[in-house]
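The structure is given below, and queries will be raised subsequently.
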Amino acid sequence: MANPIELLQRFGKNFAISEIHEQKADLTFFKVPKEQAVRLLRELRDDAGYTHLAFLTNIDWIEKGIFTLTYMLHNYDARHSLGMHVDLERDNAEMQSIHGLWAQAATYQRELREMYGIRFPGSPRLDEDFCLEGWDQIPPMRKEFDTAAFSLERFYSREGRGTEDPREHMKGLLYPTHTDEPSSGGQ
Amino acid sequence: MFEPNPPVDLSSGKYLKLWQGPQHPGITGNMSLELTTCGDEVVDCKTHVGYLHRGFEKLMERRTFIQNFPIVCRIAVPEPTFNEYLYAAVVEELAGIQSPERAEWIRTLNLELMRLASYLMWLGGIGAAFGQSTVYQWTVTHRDYILDLFEEMTGARVYHMYIVPGGVRGRLPEGFEGRCHEVLNRVEKLLRDVEKVLFNNVVFKARTKGLGHIPREMVDPYGITGPNQRAAGFARDLRKDAPYLVYDQLEFDLITATESDTYARAWVRYQEMHQGIRMLRQCLDRMPKDGPFQARMPNVLHWQVPAGETYAKAECTRGEYGYYLVTDGSEYVRRVHVRGPSYTHAIALMEKLAVGTNIADIAGLMVSLHTYPPEIER
Amino acid sequence: MDTQKYALGPLLNEGLSAEDRDLFSDARPVPYEPYPVAVVEKFVNWVRANSLWLLAFGTGCGAVELNPLMTARFDAYRMGVQMRPTPRQSSVFIIGGYASVKTLKRIIRSYEQMQGPKFVVCLGICPINGGMYWDSYNTVNKFDEYLPVDLYITGCMPRPEVLMAGVLELKKKIMEGRADGANRYVENFDWYKANQKRVIKDWNMPDYNW
Amino acid sequence: MSLKDLISPFYVWQRAFEKPYTQKRPIEDRPGAPRYRGFHMNSEDCIGCGTCETICQNHAIDMVPVEGLEQRSGDSGLRPRFDYGRCCWCALCVDICTTRSLRMSNHYAWITEDPDAFHFTAGTDAMPWNQNSLGYRRDDDYHLLVHERIDMQALGAEESVAGFDEVMKGYTEEQAVLEADRCVECGICVATCPAHMAIPDYIRAVRQRDYEAGLRLLYETNPFSSTCGRICTHRCETVCVMGYQGDPIAIRWLKRAIVDRVPAERYREILGDEVVENGRKVGVIGAGPGGMSAAYYLRRQGYAVTVYESQARAGGMLRYGVPSYRLPDDQLDKDLEYIRSLGVEVKFNTHIGRDVPFRQLIEDYDALFLAVGLNQPSALRIQGEEHPRVLSGLQVLDDVASGRDPGVGSKVAVIGGGNVAMDAARVSRRLGADVTVLYRRRIEDMPADPEEIHESQAEGCKLVQQAIPVEIKNAASTSQVTIVWGEAEMIADDKGGRPRPVLQEDRMHEETYDCIIAAIGQGGQLDFIPAEYRDRIEFKWNKFVPGEYQQTGLPKLFVGGDIANSRADAISAIEDGHHAARGIHRFLTGTLDG
Amino acid sequence: MHTVDEILDFAIEREQQAADFYSNLAERANSAWMKEMLLGFSKEEMRHKGKLKSVKLGDRLLNADQHVQDLKIADYLVDVEPAEDISLQDALIVAMKREKAAYRLYSDMARAIDDPELKTMFLGLAQEEAKHKLYFEVQYDDQIMRDN
């Protein structure tokens, strides 16, 4: 079994592999375009021994407007993992399903559908509720969803709380005449 | 590799839809099985999870690195320590911190104790699921003696919050080794009893042998790991294959079986408990007794971990437990994904294995896969 | 009593489809009336207090400490406590920590199906004020908004010992005739229902699960 | 099916004869382990810094005012109140507690019917576990904070006495960020800083390497940042919460770290140079830190400001009293030049009373700020004081600052324990003298900065403690002088002040020096204020007693600096100036805004 | 002086003299704060006088058992002439030296007399003066010798 860099270079002849990053001896990350991803996964599984899909997840890069899917593959013989990144447009994100390659991928895809709103056409039970039930907001794992604000608004917090900032408290207590003006300098 | 179960026509009147759960169908958490039955036979099974969904991955994105450390242990209630260790491992890796050797030994001790406690609870569960409540009474009580050790070592029975990024939170208490040996002896004696009462039990054998057979070729396409995989004949264990902590310095045997049924899985776990006790004794005898147990840390209040990503995994009782961490150089986590082995075992695999079994065996089957729903939905 | 019941009218069961509505009762629950003879009521309360059957529905992390509680070491059976698998047989509902919205729906359903007298005990911090998950989008913060609670035990996790102490405390409360959570539920039924429906967005069950 | 499989399960009966596992009574039988993380306890060491609240990921802690708490310096008066509907007993609050006052008991049982009851203020509310001796506390070898200060590069003692080069070299950027990283940003220091500078905020700016924002924050309250970054008395550091278990944050050096990274040319661009004239005139007497600070803030609000200074250069005591190895001239100029560049006019060599009558100022200007400082050295008032070889400390420093040779000779005795004495001693060391410092009290009573004492000793100044000068006599040579001093016994002050020395007549010593430098304290000189005005002004001892916003009984006259406060340091003078500027603005416009 | 009352009258007279001395000096002083200061000293003496008067009226007793601290500052400072441009420092020296002289006077008288009642009275007065001296010495220590 060739070392992972060589392996990726070999695959690089047919696939637009980029951003190869060796995180540690047994873990390498790389990126591949969305269109080639599933084909590459199949080849990695069937030809390169990466038979185990550890997980499939997504990272929300809201400031860049993209989702980055991470497929974590593992080769039991080489004892090596590959993290494959695939960038998706954040709006109307859609990706090919891989439930045909790994059965449990259907569950991951269902979760991503629910938590980020990514569609995987053809994936079983994709639009069924997974963890949530009766969810009426934007998918909660998206960065723009503010869970604390939502919790406060829908579930309330118990009364009887209230805190003070030591600095402001001391200001009010010890030098109140200094409290009331906007400072004049350095603006 | 997803193959849907053959469709059934509910309107034919031949089938009955039956919900099992969300009250624990096994022993360790809430999930529902939507069973379609024909007489006593299950012809289709759909799983429903999410009863314990708390949105950990979201909550972790709005907490600082140190604030995440108390929260991760809640992800898998009966086995919190693996979360603590893996979270610490990924953060340490990206932050470039090396925890001291003494801490590594204490962590190993902690993880193996946790494994033993978790297996004891599971052993009770598999006993109870097949009508052996005696075993349940014994093992849960003995698990409690291990929780006593945890309480002494970490300050809490269930949520230890002891393995902190950078090391562990304190030294072992005075005389801990002695008390730990004592508990290990008691547990070992119990295990011998359990072997007589459960594994040599004709009823247990009759009900579990052949139940829930996982074919060898199903293992990789379904992402099956841990004892479930080893019971199918694969000699794979992260403690051997990718040794973390001090596992490369410990002697233990890799337990495998070939039958790949409920009995084989139970037997593999039972044997692993003995290996666990063996490792724990090595830990107690060989661990450094002094030296630092925490690496030098920055001020944790505004700790910024450099941008990067990594995946760390450990062999927990159910299989491959992993943390995938992405950081962006800020004081907050960019993304954490927790890979729990139950995710595949309890959903894709369970849906497959349930077909063709008897309703009465569903709970036992579920337990034999050893799943924790809280780690599925997080 | 009856006047109140009918003055408020039958339950609408709007969450059910039109054809399902006929299958479910639309009656409102009624409060429990103590026996007119005080000593009888006292005796009955003593009986109730000594046979607390827990619903085996571990709704959150707290369930993990119910295992030790019900086994040899802490052995709650000696206090007349045992676990029952169905709501119909149970009198005590232990809310074992956080309640996700999805579980809350099942909790409500199970609670309503329980036969009176029934009691709710909350374990841990999460049902009190959100606890660990105070900012989670999927767990409720104040459990007493949705169901009446008779007793709170704080801690994360509360040790089995304190669960036992809680059981004793509940017994005391029942014997004193103060464990009236179920009546509060009936008396403030519309308020509880409104709160429940505010967080459970897909209300597809009857308004009261007889 | 084997026979063994059939019989083996009956083994279960054997256990029937074992001792039962059951705990008889809840709670009593098995108390929490010694390390158990139970309910919180707080000791009186708590200073209410709120770090526990900051780290609590459940927002379970509120900082609340506690009734009847004694007001202490460096104590916010707040205490943590816990919400046991939130707390998860992770004990991060215990681990992070800066004073180690917070800990946990091994008590864990709290059952009630009332969900609103789970609040309590640890340490002050009466809880059943307050006397608990067991429970979790942080291990000594486990830290979530960095307790050691980052060292600053400094000249060695030998190098430093060789000349007047600045001794402290300043933090490198990396060092500054590391030091700033130690800060917990509690803000306890802000109240103690006389100028109430936004300390946590500018430390954060250092951590984030945002020096422009840092400079803007500094100038909100202190236009002498370069100066204060070097010679401030840093009262803030005495209350810094990091000082409870380690070294306080080097707040002063971090201030300097900001200023050192912004060149003077960029000040106007960063801080702005727009002044919208408002047509009013304010006069300032004294171009020291107080006067120039007032001038700066008044100028920013649009006042035409004229500063009258008796010396040839601005800076007051900072210029003439602080030697350049502590505060290089160019650094002081950096601060002053920016203030002057905004259009503040300074009239040098102008004595009020002699060159310009006070009456004219008070009539000409809409308001007057007076900060003339204490520039009259106190006399020893012992026999023989008039000896020509007895010099004053201020005179020596002034000479050196002005480039004159004070002629201290090669064997010098310095009398006093304040900063002036230390500076005079260190200056004399640099001039090649062998220096002995005679001080009436003990080293721990010395009012000089600890750093100065430490550095002076490192540079070879000898210190004789508890030495009371009694008489000065002629020596054999006219170029020398002999001092007689007696040993002192310290007696406690029953009012809690610093202990007082009492002369022991039977233990006297005599020693001859080339000169004696007296630096026992300073007084002010206010003769230029005509009696008709003076009668309307309140004094206490030798100082002004200013009213609200530094105003005096003479409404147009505002005072500040050493002549009007008891702290007598630069930062207090700066704050007086800033405060007076606000007062003047309020006096003239009726509002604080603008 | 043969009776307690006579002694007290004498002492009261002395306090009055001292008060007059300071107010005279204050009138001549050309520095405002010194004026204020000296008037303050004068008031302090009047307060002492009031105290003695109340002793005379029997409202309170003089106690001679207390130990009054002697900082001995007045011992080694030079004498200064009360002048118009007197400084705070010098005013304090004058004051403490006056109190020291008074203390000496009463102590000497106590030593010279045999009548135990009168002796006690003189010792009490001496102690009062010692207290006054301590007051000025403490002020000198705090205000003038800040840095020493």
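Letters A, B, C, D and E name the chains as they come in the text, with residue numbers starting at 1 for each one.
One rule holds in what follows: a contact is a pair of C-beta atoms (placed from the backbone, for glycine too) under 8 Å apart; a residue touches a chain by one contact, two chains touch by 3 or more.
Everything numeric in this text was worked out from a predicted model, so none of it was measured.
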Shared chain contacts [chain D and chain E, defined touch]: none
Chain grouping by contact, computed as though chain D were missing: A, B, C | E
Smallest count of steps, each to a touching chain, taking chain B to chain D: 1
Central chain of the complex, centres being mean CA coordinates: D
Label of the chain whose CA centroid is most distant from the centroid of chain A: E
Reference chain C; chain at largest CA-centroid distance: E
Centroid distance [mean C-alpha coordinates] between chain E and chain C, Å: 83
Chain centre separation (chain B, chain E; CA means) in Å: 87
Cα-centroid distance, chain A relative to chain C, in whole angstrom: 38
Multi-chain contact sites of chain B, meaning residues that touch two or more partners: 50, 53, 55, 58-59, 62, 71, 138, 141, 156, 159
For chain C, residues contacting two or more additional chains: 72-73, 102, 128-130, 132, 134-139, 142, 156, 159
Touching two or more other chains - residues of chain D: 21, 32, 83, 85, 88-89, 115
Each pair of chains that touches, named by its two labels: A-B, A-C, A-D, B-C, B-D, C-D, D-E
Complex contact set, residues of chain C against chain B: 56-61, 63-65, 67-68, 71-73, 85, 98, 100, 102-103, 106, 132-133, 135-139, 156-157, 159
Complex contact set, residues of chain B against chain D: 63-64, 66-71, 134, 138, 141, 148, 151-156, 159, 161, 167, 169-171, 173, 193, 196-198, 200-203, 205-206, 292-294, 296-302
Chain D-touching residues of chain E, taken from the complex the two chains share: 30-33, 35-37, 69-72, 75-78, 80, 87-90, 93, 138-139, 141-148
Touching residues on chain D, where the partner in the complex is chain E: 378-379, 381-383, 385, 415-421, 439-440, 447-448, 468, 470-471, 486, 491, 493, 497, 500-503, 505, 519-521, 523, 526-527, 529, 531, 534-535, 537-543, 568
Residue ranges of chain B touching chain A (in the complex, touch as defined): 1-4, 46, 49-50, 53, 55, 57-59, 61-62, 93, 220-223, 225, 234, 236, 241-242, 308-311, 313, 320, 322, 324, 326, 334-335, 337, 339, 343-344, 347-349, 352, 377
